[in-house]
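Pasting the structures here.
There are two complexes below, and they share subunit A, which is joined by subunit B in the first and by subunit C in the second.
After this line comes the complex of A and B, so read on.
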């Protein structure tokens, strides 16, 4: 039996897991819904990565190069539509771009279907994302920064003032996303630095509940943003955005000062959090994987085992299991690869091993 | 050439990496300074793990069972004292309990030497850890909780009031530890829940700068602590602890109310952060690994590559690279195992492979 691991999703987690399996002498079938590899960092036009502002393009190129080898078969424009069997002997149906189904034999499966950015439209107009062109999201800002520009969408001119609003779609019991998405504090601070580099005369504010600069991020992003780039951090709650002339009036409360807040901005960036991607929701149903209350793939053995799903032989890597930064994603990807190949080698009947 | 990975450190990261290498068909030599496996969770008497309060003992037993197999040679009471060679062909000198040195050939090395708890004595008496017996640390509290009790060390009686002070030894520029240790918010909240379970009449307060309940921890620990266990969270800065009668007077500022804070407590728990362990500092010198400004092992390729050190063929897993929670630790351990074995298989000359 070939030591084949089926990997679902061609983003950073899936690409890293594929490379790791191949490095270990295993075979991979990598299934990706889109016509290109790279996942959300590619689809959402990531420019510079948090925290070091390294090039996302170069990072993705390295990941793609890691799977350009005979041991890895990449199926683009393809999705998993059915699965039967059990650990050591799964038969997975993959539907290609022409709609034709193909059966793939695999000893184990790694789910790396990732996240999607929270859609602020769901929050019934509160922040006016679908009403005001100058209210944008972190990925909208990222797309402009990738083109080395940052403008007011309504006019095409550089803004004089930009505000980030943190925790949009995260830590919010009303919409059911009580979790913290982990990366938005870092990503917003990174984009704030980039905007200040591009537009030295533009004031940039970050309105936060608390800044979760865990690990080294405080020194890597927060202090440079404050001290080198003069980004202004204001602890506050923004409750409403209304149009005023051709600008945006942000209303809320400055919770450090304990007083009402009303400031005019040219551009407002909503720091949207992570939700399970469509692929993550769908694959859970197809593979029969337990999900948590938010729709992410459950890892019942966490924290000691963050990669095993509820189905033996099926593992989860990266943000398909919940909000994860790139470090967490790459760690769990390598771990899932090792576990998937390890379980195949353990599950293989002794006779087959002897005969190999 | 046998596919041997030398793993330094027998805590969770080292044990998980060893199991993963063995599952993949590789051979492991695991070097542990102490006479028992388990690392800091064993040495510091961890009782219940964050966030689910699962048994640390059971988790360690599972990890130890994972290395009880012929492919894993465990060298207890041993340390690495020298290393020569390069990726694919290291020769590592291991000194055993009798002081005798032994040379081990290994294709790759995984450093899993972990962290140590910050020693609050260094902060020149500010919190009186070495002055007042009822000022203790997170691991001191953990040790009592493992014995299913929580008392005032000065009297042996149950306290009526307990306060946790967050960020002791973390996020502190004066002592040079600017980083956030990631886990202390969660661990303090977990211990607070355990104290409230043991002592329903004891008031428990957590004095914090901000609560970094990233990912799912807000729902998993923070809300249960608040809603089920009535732990009191107070945003404040504690500047001084003085004795008053047989109790402790905490002085500082309630930063939500913006007013001075003076409260009497029976026990004060310092939520100490992570620093590099002695083993981490020493192994960096012996193996010639770049360290970051705090003494942790540098991973120059992070965030895309959180496990490669500055020396090819040597990888880092777990908290030897900086503050990490158990999920991060187990993820990087599996990833380091995969990378170590993968690099050996890639580095092996084609002739040797053909002849194998």
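After this line comes the complex of A and C, so read on.
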């Protein structure tokens, strides 16, 4: 099967890698577990993208349009169940929606199985996520904002005060996720701006450990949130949330003011970080890929080669390799496409010589 | 917002009104953008080395519109600032010293007891400047004129000429140079202080001093054709 790249995952990374392979003259078989393309941004109802608040759906539509071409075969409702062979000559078993297996020959594989949002009730019942209806997560807030509204889930009324708690499920040795999830500072600030636009009388606070607004996010998101939208940034981790009447009492320390702090909120948004998706954990086992201690696909050549996995001919794109924003995701997707086609093409003359 | 707030007995409406007065000042939007709490203003602040005073916290509280902390600062902190504006080196372009200027004016205009108390020691200086249009110049520092200023006055007066020659810039601030103020200039100064609200401020913090100043200014102003009030 000459110049075929098998791509696992139909989110932004997989779609972009598929488009790039096709643009470079290769063929693609794109395997997606769900019945639709778009991945986590689609599944989790992303509405406005950080930092420019452009439409997530329009962005996904463009990515989907990029694979609507004869060089790309899309297998929906499908998963990879087995793989044999090696670089230049993989045989991958794909299980379809009817449960029937099909063998696909591919010279290289790109893994784009992405991340999942940290579940704040998974082990520790952090912040009463499953106890208080008004404690929600970034994607929960995103879902409301997609409908151009923001209310207290318990009453349906607009809140007077909203707090974001950063680093939920990230930077925490106790939970086991010591890493920073990279995007939550920007996404929380973006949602805070959207809430202030919708509800000008609502006070919005962001409780943080460090604000990590890389590069242009500083001037595109962080400064405008403070200077134009009066979002209040308070440094300190919130210790606990308790119900008080029909509101939420949040306890913590205002560390830069040097005071303990107790304040009533109507809605508390947990800025949940990234963890490897179920698909990422499973594909690592099926393809025999080394994972890092957090379960993401390891890229042993980092930082100069963030694409290659521990298996020659298999590459990783997007957040399957760890927390990544969309810019990184798009960049690694294009790079993975080039590396995959490159390895197939460089392997062919050698194979031809060996055969002659 | 925070637990250990002082002035809990002051109604929140009062705090809000005073904050709104600060925010409504035309200079406000050029003194405060946003604060990422880096502390460069505190590092540069001479007052912060001697007092429990932080220009960062002043900027933070105003940016957050934290009425409790704002009111505490309005009473207990702003008079620790020396208004040197070293804090202008803020990378966000904030001017905590300028914010304090506005807060001080609001504190005085509203007759806050803390403002009166803070300014009590300055009555003599205010009287001197506002009545004569000029200040004490260094060569006036003679032990007999300032018996309450301690033993250093004698030492200063003995060596003053030599010490002043050691200063890099030429200074005109002596009794024989650029010290006297003409009646015409003084009349203009009196008018400015009346028309810009300075006299009203003095009245709020020190009614006695205000009465004396009105008295002193009366004759010149009337000679120039203005009513003293």
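Some observations on this one:
Keep in mind that, in the parts below, the second predicted complex is superposed on the first by the 345 of 356 C-alpha atoms of A that agree within 3 Å, B and C clash if a C-alpha of one lies under 4 Å from a C-alpha of the other, contacts with A are read in each partner's own complex, and residues count from 1 in each chain.
The rule we apply is simple: contacts are C-beta pairs under 8 Å (C-beta built on N, C-alpha and C of every residue); 3 or more make two chains touch, one makes a residue touch a chain.
Predicted model, so just to flag it, every value in this text is computed and none were measured.
After overlaying the two complexes on the shared chain, residue contacts for A:305 are found with subunit B alone; subunit C is out of touch.
In the superposition on chain A, A:346 contacts subunit B only, with no contact to subunit C. Residue by residue along subunit A, subunit B and subunit C are tallied for touches, and B comes out ahead.
By the touch criterion defined above, A:196 reaches neither subunit B nor subunit C.
Within the superposed three-chain model, A:179 lies in touch with subunit B and out of touch with subunit C [touch as defined at top]. In the overlay built on the shared chain, the residue A:211 is in contact with subunit B and with subunit C. Legend: residue contacts after superposition of the two complexes on their common chain; A:334 is shown touching subunit B, with no touch to subunit C. Residues 211, 223 of subunit A contact both subunit B in one complex and subunit C in the other.
Listing the residues of subunit C that touch subunit A in their complex gives 1-4, 33-37, 56-57, 60-61, 63-65, 69, 92. Considering their complex, residues 12, 20, 23-25, 49-52, 54, 59, 62-63, 171, 178-180, 182, 210-219, 223, 258, 292, 302-307, 322-328, 330-339, 341-343, 345-346 of subunit B touch subunit A.
Interface of subunit A with subunit C (complex): residues 211, 222-223, 226-227, 230, 232-235, 254, 256-257, 259-263.
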